[in-house]
Amino acid sequence: MGELRLMKGNEAFAEACIRAGVDAYFGYPITPQSEVLEYLMSQKPYETTGMVVLQAESEVAAINMCYGAGGAGFLPVTSSSSPGISLKMEGVSYIAGAELPLIILNVVRGGPGLGDIQPAQSDYFQATKGGGHGDYRLYVLAPSSVQEMADFVLIAKEMAFKYRNPVMILSDGIIGQMMEKVELFDPIPRRTIQEVEKQAPWATTGKKANRERNIITSLDLDPLKQEQHVYHLRDKYSQMEREDVRFEEISTEDAEYLLVAYGSSARICQKAVDLAREEGIKLGLLRAITLFPFPSKRLAELSNQVKGMLAVEMSLGQMVEDVKLAVNCRVPVEHYGRTGGVIHSPVEVLEALKSKIIK
Amino acid sequence: MDFKDIIKPENLVYRRSSLLTDKPFSYCPGCGHGTIHRLIMEVVEELGIQEITVGIAPVGCSVLAYEFMNMDMQQAAHGRAPALATALKRLMPDKYIFTYQGDGDLAAIGTAETIHACNRGENIIIFFVNNGIYGMTGGQMAPTTLPGMPASTCPFGRDVNIMGNPLKITELVAQLPGVHFATRQSVHTPRNVRRAKKAIQMAFEVQKNKKGTSFVEFVSNCNSGWKLSPVAANEWMEQHMFPFYPLGDIKVDGNLVTK
Amino acid sequence: MTEEIIIAGFGGQGVLSMGKILAYSGIMQGKEVSWMPSYGPEMRGGTANVTVIISDERISSPIVNVFDTAIILNQQSMDKFEKTVKPGGVLIYDPNGITRHPSRKDIKIYSIEATDEATNMGNTKIFNMIVLGGFLSVKPIVKLENVIKGLEKSLPARHHKLIPMNQKAIEVGMELVKEYMG
Amino acid sequence: MAKVRGAIVVDVEKCKGCGVCVPACPQEVISLAKEVNGKGYHYAYMNKPEDCIGCANCAIVCPDGVISVYKVKLDN
Amino acid sequence: MGELRLMKGNEAFAEACIRAGVDAYFGYPITPQSEVLEYLMSQKPYETTGMVVLQAESEVAAINMCYGAGGAGFLPVTSSSSPGISLKMEGVSYIAGAELPLIILNVVRGGPGLGDIQPAQSDYFQATKGGGHGDYRLYVLAPSSVQEMADFVLIAKEMAFKYRNPVMILSDGIIGQMMEKVELFDPIPRRTIQEVEKQAPWATTGKKANRERNIITSLDLDPLKQEQHVYHLRDKYSQMEREDVRFEEISTEDAEYLLVAYGSSARICQKAVDLAREEGIKLGLLRAITLFPFPSKRLAELSNQVKGMLAVEMSLGQMVEDVKLAVNCRVPVEHYGRTGGVIHSPVEVLEALKSKIIK
Amino acid sequence: MDFKDIIKPENLVYRRSSLLTDKPFSYCPGCGHGTIHRLIMEVVEELGIQEITVGIAPVGCSVLAYEFMNMDMQQAAHGRAPALATALKRLMPDKYIFTYQGDGDLAAIGTAETIHACNRGENIIIFFVNNGIYGMTGGQMAPTTLPGMPASTCPFGRDVNIMGNPLKITELVAQLPGVHFATRQSVHTPRNVRRAKKAIQMAFEVQKNKKGTSFVEFVSNCNSGWKLSPVAANEWMEQHMFPFYPLGDIKVDGNLVTK
Amino acid sequence: MTEEIIIAGFGGQGVLSMGKILAYSGIMQGKEVSWMPSYGPEMRGGTANVTVIISDERISSPIVNVFDTAIILNQQSMDKFEKTVKPGGVLIYDPNGITRHPSRKDIKIYSIEATDEATNMGNTKIFNMIVLGGFLSVKPIVKLENVIKGLEKSLPARHHKLIPMNQKAIEVGMELVKEYMG
Amino acid sequence: MAKVRGAIVVDVEKCKGCGVCVPACPQEVISLAKEVNGKGYHYAYMNKPEDCIGCANCAIVCPDGVISVYKVKLDN
């Protein structure tokens, strides 16, 4: 069993980055995620694993530093919260286009605009459908505990290299700021430059005599070639849908109604399930762990079992569209959720289920 | 002796650097970008550092620099090359890293990245091609466009009251302690080419010794954007650009050059 | 067993670290815990609060609106949180600076003169440990030895010399707390 | 009498006829051809080959790097 | 009849801005839309209508200049193409949050990343679902001719003030670069500062003695208030859906099959309809003019009439999700489209219809 | 004579500006932001320009400045206040426009907007509060954090080799022809307050005469971020900040002040 | 009537403005028109082309892949566009610089020595007007008077003095064009 | 004997007890109270009211602007 600690989600994420052998972190302070950079700076991993940690002059600079690092075959990480993530959208589109490994953490807060600094889930569309321009997707993971803030770094690392695609960890102010018990995985040594070169023969580490030069770019002025490139990206996304969908089911075996949620909302829904079961309502929960690829197949199956679904998210209703697209109109699907930084309670969720679905 | 007899391998005194690919440059006839590409690759060749050098191409006419320079390269988002270079250098401190940027790229959209990379004294070289215009997108006004000079977004000439003065960004970054070497060169005459090459050599030397940032500006022509023939463009450049952007070293060995 | 606690007071009173020590103590006792602070710039001069949950089972929502116990350390927090205690639950407060005392009849109310005691002991920093002692006396959900282990975990090594003093404060608090008689 | 003789070879098909090499030559050796190459450019050539001293001025200013330079020392 | 001219879409847009009495344009060059700024600079409207025209140092600066102008009650315009639009996402979210009038033109090119500069429609998600953070929507207009590049400036102006909401004109390289005949509407005088103050009593034009001070912000640190604000935004979006959906139908009266398209793709589909009709296939076209609010209601109605729908867009398939959500599974809906800057031909569209829908 | 007899309306010699709202400042006790707010509003009051002045609040501790300054205000995205100000001033050239920005806001994320607004010589005032730290977000390192000075993202002190040197952005922008007036002030003693107020007056005067950009820096304390009591913070500021950021005028009437 | 035309050549040959004048002429004759250029940096030194559609009806797609007429002014464009002419359509080209002449049998091919003629006339700038004349002679879809009106519209007023010279060039082109005999 | 006398009024409930006014006073008039106000701050007060000369130094450095200053000229 690994080391047990009480940590904030942001700290657990930062510690996991060090332990996962992440090569570099570039970020800019913003509430509620500044602890990531602060924790890293307090640990000085540059003196131990050699991980580079740098406070960039802006989110735009940070994401482009990540572009550079990823292009050389390293695994960079950046983190921010909603407005800062929006600033990164051009860079994210470039990195997806150039097919580079990257982990981006968004600790979502209430929006739009400067909004507030309380937890929210209103950046779902941005994360899953493309806040940046062009046909691209991120692999999107939604942790719902501090433990997962640590563990998902390992999944993200694996996916970032498996697909040469940026991975977003879509968290929120609750998960980022709360402390829970975490069992930390054992440190994995950072790759040596030789290992980097071996794992990423496409990377710009300096042209060796025995290979052609490596170029990192998202540009192809010939639209036919660019189209082929986009089709290649699409094939990766389809592969994600086939091979790397992640979700968790709670009390679904006998469920007549289903909550669909992710992240901290899923925690709240878990309690709502308990409350419902106490009242004799056979409620289950599907917690989406990957938001892209979305667990559509499983939801389609469940739509043959349950009488209705309630998508619960702290937003005006974004994931609900993916739920609807998944269930193909077999059962009613509704949305419930507070927004703007307000957190719904398990009781409110249950009431919403009753009024919108059970009726 | 006929000149045909002179043309023998043993008499060869100058050839295109072998570190340039065979692909013809995509630049307009007479454009300085080509010469600057050549010089950089000559220096990389002479120093024997191709294997440990990574260049960063901008968005601008030189967006395709990676097609011509036979080395590992990355193409950066508009203005962000210094951010990429920062990461590359910090992760691979023993490699040589340079950016190659235009005036729009470096002094407009990329101002913050430029200033902060220089201020951190990143051990990189920034090659800065100042042609007073946005070449690639069809000749719009750049931060460096001269007062009164026309461009497609100031067809009646740059009006400094509305558009501000041209920005001498090299003088500005030279103020920063992180910058060890700052110079302004041109490549339009043999003499200037030779000086420019020395400056490039110096910049790689500074990086080798991990002294901080080198900032090498080239005042160059954009004959297409200026709507002049290449030769006339070079003359215009001498008459108009150099008085405003005087050639020569601005900071050497960490010290501002006093004139 | 699941105990849902809110601790609320001024920014400087050590509210967050008290919650952290409590949560760490829970871990030492093999329990599931969560610690959820209020955060952000409003803490500046204003109030700070933290929700601590200690449970034998996996904790579902770390955010709750009603509590088994409220530990209240200033007037603003009293105004905000007295009403959030579950019927039959517990409210512990330090009367120092409180102008409107709690009035609910359906909960158990305790007071603890921790501010005064800390001043007496000549160390205002142990204020929060005194309060923690008071809580543990009313709700002995974690053993003292595990609280000490929790302290060891949550304090950086260079501060471990302060543990005996903190232990003392907790013990004082355990004595000091008393039922409030309205 | 000159102590050195030089000669240049222009990669005619890659020359863009920009003319930048012409004023760079101290010996006024180079002219642009009346004819065009495959890309439609009036390429550079040695108009007065006998005057070339192999100084490489032309080559180092050629933006497209299409000039190679040869030089011999004549010990007459 | 107004003045007839042969103009590029970008030029027509710029000319229409001057004629519509737009107050300010802030932009940064990028292909294929640089003609907007170039045209404005050649016309010097600052000497005639007093319209401010400024080349900003970046897209980020430009959108924030728009924020300032809109906050003072003026009508600003900015334009860019895909990567530049991504950079504006933070600013757009702020402007939506602060409820300011704005017209943004995106002349879409192939992506992701630097991509290429050919026409594409792969920024649909970004425009309609929120490329920026938080729960907000833009009113999105999709012109499909040079005439509409001019005319939609007037609609955009009206909507920007009716809803105090940014309006995006989602165009592409075809519409921006091609020339067509335009009938220009007669110039509308720019508002005087007094008129601005009257129309926008909320604007920061300087606090008069007879009113409270005006504040422009997207911040509310109190999440309950922020939530109320988001609900207020939602109500505006619902109102848009009720009152301001725009679309065009071509040959739908007797249609058995339906193409759904927007912008230049709709032009291509129009020709595909002609080709189909020549072959005796009863094909119709619904051209979405507003992408948000989407013509879902009309599509739902048409789903009772036709046997299947093909969403045709130059992307991997984005609008198709909205079509699916609209028709509620009553008929099959498929996507067809080239991407990465490649333009599909009418023949390709027809073939796709046959293989995917008619079968 | 008892002091109670002195406290009569006719004897009033100083009161809080009537252009401040009744809302108590949200700043920490002893924070210079409050004093600077007061001074600006005193000058606006004295000039009688409340009706024709619009201020722009940043993201930073002063994000809520609009709650305290009783005038029309806009809250800008982080770093972008000069862009907003540019638009406001160009659309309303007869109004007074100022931004109020922190060091993180102005010299990190907002570097490009700052430099370019100054370079265009926008007729605005930039009030720049340099407290060497990111106050609002909890004390992270700013571009202006001193060498060796600790902050939450450099808990062992700013290491200039990794993080670069503190940026003297005021000296930098003073180099730009668009900047007419640049000065550095503080508000921690009565004497400095009086000087600072003169500088603010001068800046409004410059704007009135449409001379270009005024850049008024205030070196100020962030006692919370520095983890010092307010009085100790002010002392620390004198000892450590002023040697690096010397007070005084840097550019007056368009001319650099030679020292 | 709908006429779909591609005009293709080097960047400097005035391809785009020829298309523009043709389109404007169409407007003057009361027709619907569209003009869609290739665009972007690849024009540098490379080829430029423009699709012009002139029609009696509303034009659906401004992008077409096959053409009624192709006007071809360099070898690259010949390689690219010869095959795009509809069977029975027209190809007009200037043989100058062409090394591989068109070979299709199912279309009508015309040649026009416009480069030489422009040089003869001592004004390379009117090259494209000569070509336009050639086209109009083969496909008289707009009247000359409307072409002149189109010229007036598309040239800035300060260049109106050049219109007679352009008209001359068009007329010369009309004479010059001749059927190509393979 | 002083020619001027002054007095200050501190808005006690708004004073944050930062103490910045204390060293600003040339007459050492001001102290921080032992008691706290409603927000828990040890507010400022005139400890030696008779020494105040109404110079307003305290008021102009008070970050929260909670000091008003009064002054009279004594023509004794």
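Think of it as A, B, C, D, E, F, G and H in the order they're written, each chain with its own count starting at 1.
By definition in this document, contacts are C-beta pairs under 8 Å (C-beta built on N, C-alpha and C of every residue); 3 or more make two chains touch, one makes a residue touch a chain.
Computed from a predicted structure; not experimentally measured.
Steps from chain B to chain C, taking the shortest chain of touch contacts, total 2. Common neighbours of chain D and chain H (chains touching each): not present. Across E-G and A-B, the chain pair carrying more C-beta contacts is A-B. Chain A and chain G have Cα centroids lying 55 Å from one another. Once the centre of each chain is set as its mean CA position, chain E and chain F turn out to be 40 Å apart. As a whole-number value, the distance joining the C-alpha centres of chain F and chain H reads 25 Å.
Chain G has residues 40-41, 45 in contact with two or more other chains.
For chain B, the set of residues touching two or more other chains reads 27-29, 63, 75, 77, 108-109, 111-112, 116, 143, 163. In chain E, the residues touching two or more other chains are 31, 54, 57-58, 60, 83, 90, 94, 98, 113-114, 116-118, 217-219, 221. For chain E in complex with chain G, the residues that touch the partner chain are 4-6, 31-32, 116-118, 173-174, 177-181, 264, 267-268, 270-271, 274, 343, 345-347.
Interface residues of chain F, counted against chain E in their complex, comprise 50-54, 56-57, 63-64, 66, 70-77, 80, 83-88, 90-92, 95, 112-113, 116. Taken in their complex, chain A has these residues touching chain E: 60, 82-87, 89-90, 93-98, 108, 110-118, 120, 122-123, 125-126, 129-136, 217-224, 226-231, 233-234, 315-316, 318, 321, 324-325, 328-329, 338-342. Every residue of chain H that touches chain F in the complex is listed here, in rising order: 5-7, 9, 14, 16-20, 22-24, 41, 46, 49-50, 52, 54-57, 59-72, 74.
Here chain F touches chain H in the complex through residues 1, 3-4, 6-8, 11-17, 20, 24-25, 27-35, 38, 187-190, 193-194, 229-231, 234, going by the rule given at the top.
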